[in-house]
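You will see two complexes here that share chain A, one where it goes with chain B and one where it goes with chain C.
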Partner chain A sequence: MDQALQLLFTGIGIGSVYALVALGFVLIFRATNVVNFAQGEFSMVAAFLMVVFAVDLALPYWLSFILALGGMALLGAIFNLGVYYPLRHRTFLPVIIATIGASILMANGMLAIYGPAPQVLEGWFETPGIQLGPVYLDSQYLLIIAVTLALVVFNYWFFEHTMIGKKLQATSQDKEMASLLGISVSAMIMITFIYSAVLGGLAGILVAPILFVSIQMGATIALKAFAATIIGGFGDVTGAIIGGVALGIIETFGAAYVSVPYKDAFAFMVLILFLVFRPQGIFGERVAEKA
Partner chain B sequence: MALLQINDLHVRYGEIVALQGVSFDVAEGQVVTLLGANGAGKSTTLRAISGLAKPTQGDILYDGKSIAGLGPEAIVRMGISHVPEGRRVFPGLTVKENIMLGGSNRRAAKAELSREADAMFDLFPDIRKFANSLGWTLSGGQLQMVAVARGLMAKPRLLLLDEPSLGLAPVIVQAVFRIISEIRRTTTVLLVEQNARMGLSVADHGYVLETGKIVLGGKPDELWGNEAIRAAYLGGHGKVPKEAAAMPHL
Partner chain C sequence: MSASENISTPAVARPTPSIVRHLPYFAAAAVAVFAAATMTFDGYVLNILMQATTFAVAVFGLTIVLGLCGQINLAQAAFFGFGAYVVGLGTTDYQMNFWICLVAGSLLALAAGALLGMSTLKLGGHYLAMVTISFQQIVTLIMINAIWLTKGPDGVSRIGRPSLLQSQQAFLAFCVAALAIIGYLVWHLPDTRLGRAMRAVRDNELAAGVVGIDVVRTKIAAFALSALLGGMGGGLFAGGFAYVSPDQFSFAESIVFLTMALLGGVASPIGAVIGTGLLILIPEWLRFLKSVPGLYLAIYGLSVILIIRFMPDGIWGFVTAGYDRLRPRQRIAIDAPPLQLSPATVGGDIVLDVSQLSKHFGGLKAVDEVDMTVKRGGVHALIGPNGSGKTTTLNVLSGLYNATAGKVMLDGTDVTTMAPHLRAAAGLGRTFQNIRLFRSMTALENVVIGAERPGNTLVGKGDAVALNQRAMSALNFVGLGPRANELISSFSYGHQRLIEIARALAANPTLLLLDEPAAGLNSSEKLELHELLKRIAAQGLTILIIDHDMTLVSEAAQHITVLNFGRRIADGESMAVLRHPDVVSAYLGTE
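Take a look at the complex of A and B:
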């Protein structure tokens, strides 16, 4: 029982990282109808930016954090202008191929600069964690969970209670109609890319002290986050968050009780089961299909 | 000077020529109705005015200024609001949110838009009780009301209405046209209709489009009096309309 509680905590922590990246997937998908295969690379680049600022330049952690997120906002804007915007009137296939190309460019760009050896990034806190009854709460996992919770609340407020959130939703539902109302569709898509890049970057920065900073980390996180979006029902914001956390828990329990080497396999087993038996996901078959 | 002047407008979609030299005027304060069969170019004319379709030739003057080739976001900010065919109410947003977004063409705070949307329900009392329902839950007639209310939130000088009666029961069509006769007191309206009887009943002027050209224009009673037009478009004398006769029997 004690071990189960411990695993649950770890699972929610790692699942929160998947949830943040999955949220980025869903937001871009809803705004552009395209899966951004470079979403995981946003996490990788942000983790390397943290290494640049906090390790190489030895800046304070909080300042490095802000600079890295600022860098991600800039990368999101550049990504939109360089990858999506020139292809926005084309079908989804050229856009998807462009996002795959951009992801290869980012991964190999980092390889050229830093080489293949993984980099180490310290966690935010000096204290490694606290013991709460039978469960040891690692401080980095606590931070991840707290940031994810805060973002879920922010996301809800932003999309449901601000006009810009409503305009973003309107744009994702019917771009032509949104433009007829005077909503700047290109500005809405720009905001979406910047926000998604920052979300992905946040996930990368938070998970870096746990996983090591490597050029492969983007691909691993992206695959898990992609599985999370399928579980949640593609295009559903709540589904992405619940799918991410669920996947983290399944993976952690699978590794502990079944087999550690097959840890990554559990995520894909769940993904395959969902694709076969419930391809619309837990929250699928809602608004979009009925409209 | 007319509020809207269309001069020799040409629009093509790839190889297909949709409009080939359409010219007409809409005077301020009038309701002008465009009639014609499916595919005659009625919707394309509205899409060109609101900036959704780019003219390949000709000009569109609004208040004396050329707006041909401008994007839809710029055009609605100038005061032309387009309620397109099919209502296009955002399915995942509530009725009130849909209506509030109609004011996106001008700088207005959320609270102000909310007040204006509430006031809009006085003109559309039938949809007041659906204020917090999601768009996809509404019926066709209710969606049409929402779409028109949303279009009016732009505070337009010129309202473009595309087939507001399409697919609606007769009693709902009458309700929609009652609202159009309310709107015309304050706003110039360019109306596209297949229902010629209703379309002409509120109009000051009518035009008939055929394969991308204006073939006839005049006062509603002049159009109504034209035998050929009545037979072809206005559903009189039980003659088979041209476009139906041209259709292969399946």
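Take a look at the complex of A and C:
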């Protein structure tokens, strides 16, 4: 029982990371109708930026954090201009192939620059954690959960209660109508990419002290996050968050009780089960193309 | 590519067997095999040729799934690995015959591809991309961790070859021969029934279903064929190099396969060969790039982005586009008899019997307990103000939406829960309000796909001659016969509507649904349409038409059903219905 509680805590922590990346997936999908297959690489690049600023340049942690997120905002903008924007009038297939190309470029470009050895990034806090009854609460996991919760609240406020959030929603629902109302659709899409890159980057920075900072972390996180969006219901913001947390828990228990080497396979199995038996996910999805 | 092939096929005279016409190809292939068998190569060149040949087989798989069917496969290296490991483990640990292992490996890849496809292909393309990536990762995990089965990271060495082809060079010659034969088959796939179905699915899934193509099965077939070729290439690869290890079948290799297909041009096996050759040779020339890990894959990633942006049809697509502009368009004269329509008559006087049909979207009752009977012969119109549920009704009738409640009987058959392609097989034909043609094909090819409807009794066994004739008759019927070999994009809006009608007519349907055929037509085109409807009805085909043009509706239709807010508000003989006070108020408002 004690072990189960401990695993539950770890699972929620890891799942929160998946949720953050999944949220980035969903926001871009809603704005552009395209899945960005390079979303996981945003996390990887941000973690490496943290290594550059906090370890190599030995800047203060908070400053490195701000600089890394600023770098991600820039990367999101470049990504939009270089990968998505030129293809915006094409069908989804060329666009997803281009995002896959971008993901290969980012991962292997980083490999060429930094080499294959995984890097170590310290956590934010000096204190490793606190013991609460039978459960040991690692400070980094606590931070991840807290940040995710705060972001969920922020996200809700941003999209429901700010003008720019409403404009973003309008754009994702009907681009033509939005542009007739004087909303600059390309600006909204730019904001979405920047915001998603920052979200993905945040997830990468938070999870980096738990995993190693490696070239492969982007692909691994992206797969989990995508599985999370399907579990939750494709295109649904709440679904992405709940799906992410659920997947984190499933995976942690699977690794503890079934098999460690195949830990990364659980996401895939859950994904296939959902695709076969409940493709619309927990929260359902919108109807297909209209005739 | 597809267009030019169709042109070179003489369709009237009994064609010379294609094997004879393609003798030059086989002669060239024989020369290549002979050269591979007899020339003296050093080991380095031999290895490069071996890699290029076996990779090209796998890239052909992407030509089918991505180029022909428009579905993505990011796990081709995993399928390649299936073939390679079955041959590797089979010929070493289990001492089995090479050929048996090659077949078993290919079939394993085929089965895995089919299963993966079945789980995912009902859903959109994003799912397929992510699922194939996940699958690829799992296969790599198993290759590395299931040491009892795969020998783990060490890989499998001393893999056997067939006893007749013991030397690496003899085996290479065999691989070249295999490549030539598979390439020939892939080249001809687009002009087979399955190949046409794949292209139709790629161009327009909804229209493909409505003309009688089983969309999901076609996609699964394309995906499984692609996996099969992956497995076959992998089996040959294992025999060629006698050693395999997990890193040769990683996600990175899947991306290499994808880049090869895209660079050469995904629409044709020639593109696959060009792309494979280039991407094997270029890294050899630029060996220094390999000294920095990641650099050359990073360049592949960048190339993918640039190719998609600037050269979406690849090198071969670029070359053929120029060639097509220079070459004058040939015409084939197909002598076609006048179009004959003989709609099936099974269910008595009533062709379509709709009872208590409802379609709800959440709380919105788009169609609400509608009853309608369409009598055999003549024109029946379904009218109503904008948003009254007409098109939704048509979409429920043709199976694009599932009915929330109610029953649809087509010529005595209950089709309420059938998929669109099964309704087409049962005799339902339709056109779309926003034209849905297969845009990469010629007018003739579009109509041939219509003629291929399962259950069309007028094309015999469905051989090429009969299909072409039937399609030509339908195009002549709508007056576009002389332009049969032009691509869809060169036709005006009005003519595209006529091609869509011809596609439906070629299928010899029992009931034809026309969704606003007069929308966007000018007045002379509307007159022609009216004439066309008369000529169709004269042959005994029943038409159910939706339109806003009251002149057309009142002149063409004998019977009218009126919808408003999803409910039927009037039904009966045309003139009486149009004078019905509820109908007048629905259109003009009440006082």
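By our rule, the second predicted complex is superposed on the first by the 284 of 291 C-alpha atoms of A that agree within 3 Å, B and C clash if a C-alpha of one lies under 4 Å from a C-alpha of the other, contacts with A are read in each partner's own complex, and residues count from 1 in each chain.
Definition applied: contacts are C-beta pairs under 8 Å (C-beta built on N, C-alpha and C of every residue); 3 or more make two chains touch, one makes a residue touch a chain.
This one's a predicted model, so the numbers in the text were calculated from it and none came from an experiment.
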Touching partner for A:Phe9 - first (chain B), second (chain C), both, neither: neither
First (chain B), second (chain C), both or neither touched by A:Tyr141: neither
Partner touching more residues of chain A, whether chain B or chain C: C
First (chain B), second (chain C), both or neither touched by A:Leu87: second
First, second, both or neither for A:Gly182, with chain B first and chain C second: first
Partner chain(s) touched by A:Gln169 [first = chain B, second = chain C, both, neither]: first
Contacts of A:Phe193 with chain B and chain C, given as first, second, both or neither: neither
Residues of chain A that lie at the interface with chain B and also at the interface with chain C: 287, 291
Residue ranges of chain A in contact with chain C within the complex: 29, 34-35, 37, 82-83, 86-87, 90, 92-94, 96-98, 100-112, 115-116, 215, 219, 223, 226-227, 230, 234, 261-262, 264-265, 267-268, 271-272, 275-276, 279, 287, 289, 291
List of chain A residues in touch with chain B within their complex: 162-163, 166-167, 169-170, 173-174, 176-185, 287-288, 290-291
Chain A partner contacts - residues on chain C that touch it in the complex: 70, 72, 74, 119-120, 122-123, 125-127, 129-131, 133-135, 137-138, 141, 145, 205-206, 251-252, 255, 258, 262, 292-295, 297-298, 300-305, 308-309, 312, 361, 391, 394-395, 400, 432-433
Interface residues, chain B side, partner chain A - complex: 50, 52, 71-73, 76-77, 81-82, 84, 88, 90-93, 97, 100-102, 104-106, 110, 113, 134-136, 150, 154
